[in-house]
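The structure under discussion is supplied below as structure tokens; questions concerning it will follow.
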Amino acid sequence: MRTFVRKLVIALITAWVTITATFILPRLMPGNPIEQLIGKLTGRVTPEEIAAIKAQFGQGLNEPVIVQYWHYLVNLFHGDLGTSITYSPQSVSSVIFGQLWWTLGLIGTATVLSFILGTALGVYFGWTRGARTDLFIPVAGFLQSTPFYVLGTLLVMIFAFRLHWFPFEGSYDATTVSPGWNWAFIASVLRYAQLPLASIVLCSLSGWMIGMRNMMVTTMSEDFVLMAVAKGLPKRKVMWHAARNAVLPQIANLTLAIGLLVSGALIVEQVFSYQGVGGLLVNAVSNLDYPLIQGIFLVITFTVLIMSAVGDVLYVWLDPRTRTATVE
Amino acid sequence: MTTSSNPVLEVSHFNVDYGVGAAAVRAVDNVTFTLERAHVLGVAGESGSGKSTLAYGLTRLLRAPGIITGGDVHLHLGTDADARRMDLLAASEAELRAIRWKHISVVMQSALNALNPVRKIGKEFDEVLKTHNRSMSKSARKDRARELLGLVNLTPDRLERYPHELSGGQRQRVMIAMALALQPELVIMDEPTTALDVVTQREIVAELQKLRQELGFALIFITHDLSLLVELADEIMVMYAGRIVERAPALELYRGPRHPYTLGLMGSFPPLHGERKVMTGIPGSPPNLKDLPGGCAFHPRCPYAMERCTLEDPMLSPIEDGQRTVACWLHDPSVSAAVPVELRRKDAALAGEAG
Amino acid sequence: MRRFRLPGTWKVRVGYFLLSIFILFTVIGPWVAPYDPSYTGFTPDLSPSSQHLLGTTLLGQDVMSQLLVGCRETLVVSFVAGVIAVVISIIVGLTAGYVGGKTDEVLSLFIAVFLTLPGLVLLIVIISLFPQGQQANPLVIGSVVALTGWAWGAKVLRAQTLSLRNRDFVEASRIIGERRWRTIFAEIGPNLLPVLASSLVGTVLYAVSVSTVLAFLGLTPITTWNWGTMLYWAFANNAALAGEWWWLAGPCLAIALVGTSLALINFGIDEYINPRLRVGNLSNRERKRAGLSRRPKLGFTPVHRVTPVIGAPVMAGAQTGPEVLATEATASTPAPREDHP
């Protein structure tokens, strides 16, 4: 239980740090970026909008910072992240949630696929350690250390432009299908998702694979695995004894990996001009759309927190040692 | 050595190396012995003496870089009616798998490490019973597991526990019960009590003694604590630097060691029963297998070392009408030096004093 | 104290070799570049030739020159980030692990929070808030990258310090009353070296990826040359669509190869830290030379009978190398079984 409480505390503090950082950072940065922004916006947007931005970032307000912070928290609690500058008059939350499902779909599928595939391969490579399969390890190292977007670019070059196997950008064929619950649209989405998915999965899979292989090798030097052999168990069952334990650190590492994966996926979206929060973020940054940047940061962090929480629950479920508080 | 009437394990000229080529280190050197059915053989020695390597080597469970480089190991399976003699060193993986646990089982030093930490005890019993007896029903397997726990004085509710929820003694009892699950002919225990406190050690040794009388399995019990073996073993083998240096019936060995190393080893532990002795220990440290001294490997630490000990390696030879064997020049007929009193037969010692 | 030397496996050697090439180009790149990377006077869109080893861009620039010049900025930013991150992780991790107690609780929490935050997004948020002029400063980018990438190293260092703290030699120096910081640096420090090296390599790896991403997205100034800005321009000019693969392949492969070299070195460090990852101390070459064909399998010790040369002393101890007539009886040979003796 102690582990669980600790995890919860970490999640809550992370959430609070994120929320507070988005409040403090624009107010703290050198050169007053908000003033610069307002300077740029003058003439482009209505005075009311400028006033709203000023209010959101505490410009020219007589309120003390703590009161501003309180207002900020109250607004946040109501789901009010302010108004987007780029997509004015749309609110930040509606802009983000319009795109979030694409990103979540891509990231969710990629996480599950890469975790399962990578872990399974890691079990195999760990088990056959010392055999020719070890030659795959440097290959995995290459994939793991290649940034997602670089691999994505290479895949686009080869499979979309050279071989024409896949469409090279977009998230569905906008000329032939219309969004909705119809088969043509779903098929198109699935087809367009393959290449971005492949580059995310390929990159993150290697991390899982190398991690699992090393844990497998370490676990195989434990007595209980030798014991499983001594019991005359078939190979499959011996492997299971080792794998079942070796997977635990993998799940403990989910938290870290998800942060990296989400970050990587955002960039891959950009490479493939795939709809989603990634493109939104880049747009927001180049237009200095601070309310949107903040909103995206918050939403992404909370997504990561929720995914990590799922990992934590999974861990507690898989490792009985975390469940018992007392030892007889 | 007398010819075996009913052996369960025959080992001859058994060698184990760590590594290959120039870097190879011999960890078990030319070990030969025969274990009779339902007998207990104690193997004693300091760490690095090769006793654990011997145990894992015999069962082919030794990890890399261990390699068996010579000798023969034969296991006698089944009862008299359909007995067969199996060459363990020539056996295939499938053949080994088939005899493991059913005919040979092992108990390791640390039960905490030997039990899968994420599995309930009951599941481990269930798995091993199911693997070797496909026809056994689930409820029969559960009953058997309860019965086995009963043998080692544990309540059946332990089946629902995870290893970390049990005490050290309970875990080791679980391992012993599991080792007996399929009624093997031979059980090998590698320092099963070393990690436990003295009281628990005593309890477990007493239980083992009872169990082996009831169930009649042969046991190889490895320890660095000779005093444990005196109560449990029929015969004791003392190893040093990968070799057997002395072998004798347990009581004989305890009453009168013949090898200086055995004598030193006995001085290292307080006896479980009987009078208190001053613990002396053995001077120096266990040998480095990579760089063994010439001659007898024990000579740098031996208080009785002679010139010959530094030059020639003594062979394991029978003494005292073949009752026991020892590898020490002191007992060689060609050596003229007198055998020290503490390494002599008691009556002979008395005779010496009288004269 | 034993010296920290990586096992000389081929992986580590290849890693060192690749990395030293890139480090060489970091130093000499701008001097050996055949042309000015910004010069736009060449025929645009040329595929690789002897004149332009990696072709030219749509804007008529020499790709090879851009790659060579860009190497410096990319690696300098990455190593600056790596070093700063390791310094932060040493301070936080070492303190948490050594001091323990409440300090450890607070610092661990701090580490956990930074591990959870999506680094790149935080990075983008922070960078976007910097004034334009400072976004080009390698020290600024390096620091910001380090700020989002130190936590992993700190976590590993803390764990390692914690386990070292209770060892005899540290305990001893504490008992004889050595100053706390002296103990940390003199006793614990050297033993942390492999872990430190690993986290430095890991952070540099992260920094290469992240700093090029920033440039690629156009978040850091696109007027200087590094591999990220090369990709930015290639994408901005639809190089992929136009089939100008040479424009993309150069920086992509360079980034991937730097990453791979670091990953290979890290494999070596992993094997150093965790000896269990080494193949049972029995290298394939030794095994083959001795005539053992199979790799060791868990729980099936190989039997490799070695017959001593006739006349050689029998069993003269460990030193006698088995000068051999090797006969191998592995699991593959059918078991000669003697029934009913």
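Going in written order, the chains are labelled A, B and C, and every chain counts its residues from 1.
Definition applied: contacts are C-beta pairs under 8 Å (C-beta built on N, C-alpha and C of every residue); 3 or more make two chains touch, one makes a residue touch a chain.
Quick caveat: nothing in here was measured; it's all calculated off a predicted structure.
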item	value
Pair sharing more residue contacts (C-beta pairs) when A-C is set against A-B	A-C
Maximum centroid distance from chain B, chain identifier (CA atoms)	A
Distance from chain C to chain B - Cα centre to Cα centre, in angstrom	46
Cα-centroid distance, chain A relative to chain C, in whole angstrom	23
Cα-centroid distance, chain A relative to chain B, in whole angstrom	55
Contacts with two or more other chains, residues of chain C listed in rising order	279-280, 296, 298-300
Junction residues of chain A - those touching two or more other chains	221, 226, 229-230
Junction residues of chain B - those touching two or more other chains	61, 63, 96
Interface residues, chain C side, partner chain A - complex	11, 14, 109, 112-113, 115-122, 124-126, 128-131, 134, 152, 205, 208-209, 212-213, 216-219, 231, 235, 240-241, 243, 245, 248-249, 252, 255-256, 259-260, 262-264, 267, 270, 274, 276-277, 279-280, 284, 295-296, 298-300
Chain C residues touching chain B - in the complex, by the definition given at the top	279-282, 286-287, 289-290, 292, 296-306, 315-319, 321-322, 329, 331-341
In the complex with chain B, residue positions of chain A that touch it	221-224, 226-234, 237, 241, 244-245, 248, 318-321, 324, 327-328
Chain A residues touching chain C - in the complex, by the definition given at the top	9-11, 13-14, 17-18, 21-22, 25-26, 29-31, 33, 36, 129-131, 137-138, 141-142, 144-147, 149-151, 153-154, 156-157, 160-162, 168, 214, 217-218, 220-221, 225-226, 229-230, 238, 255-256, 259-260, 262-264, 266-267, 270-271, 281-282, 285-286, 288, 290, 293-294, 296-297, 300-301, 304-305, 308
Chain C-touching residues of chain B, taken from the complex the two chains share	15, 17-26, 29-30, 56-57, 60-70, 76, 83-87, 89-93, 95-96, 242, 289-292, 294, 297, 313
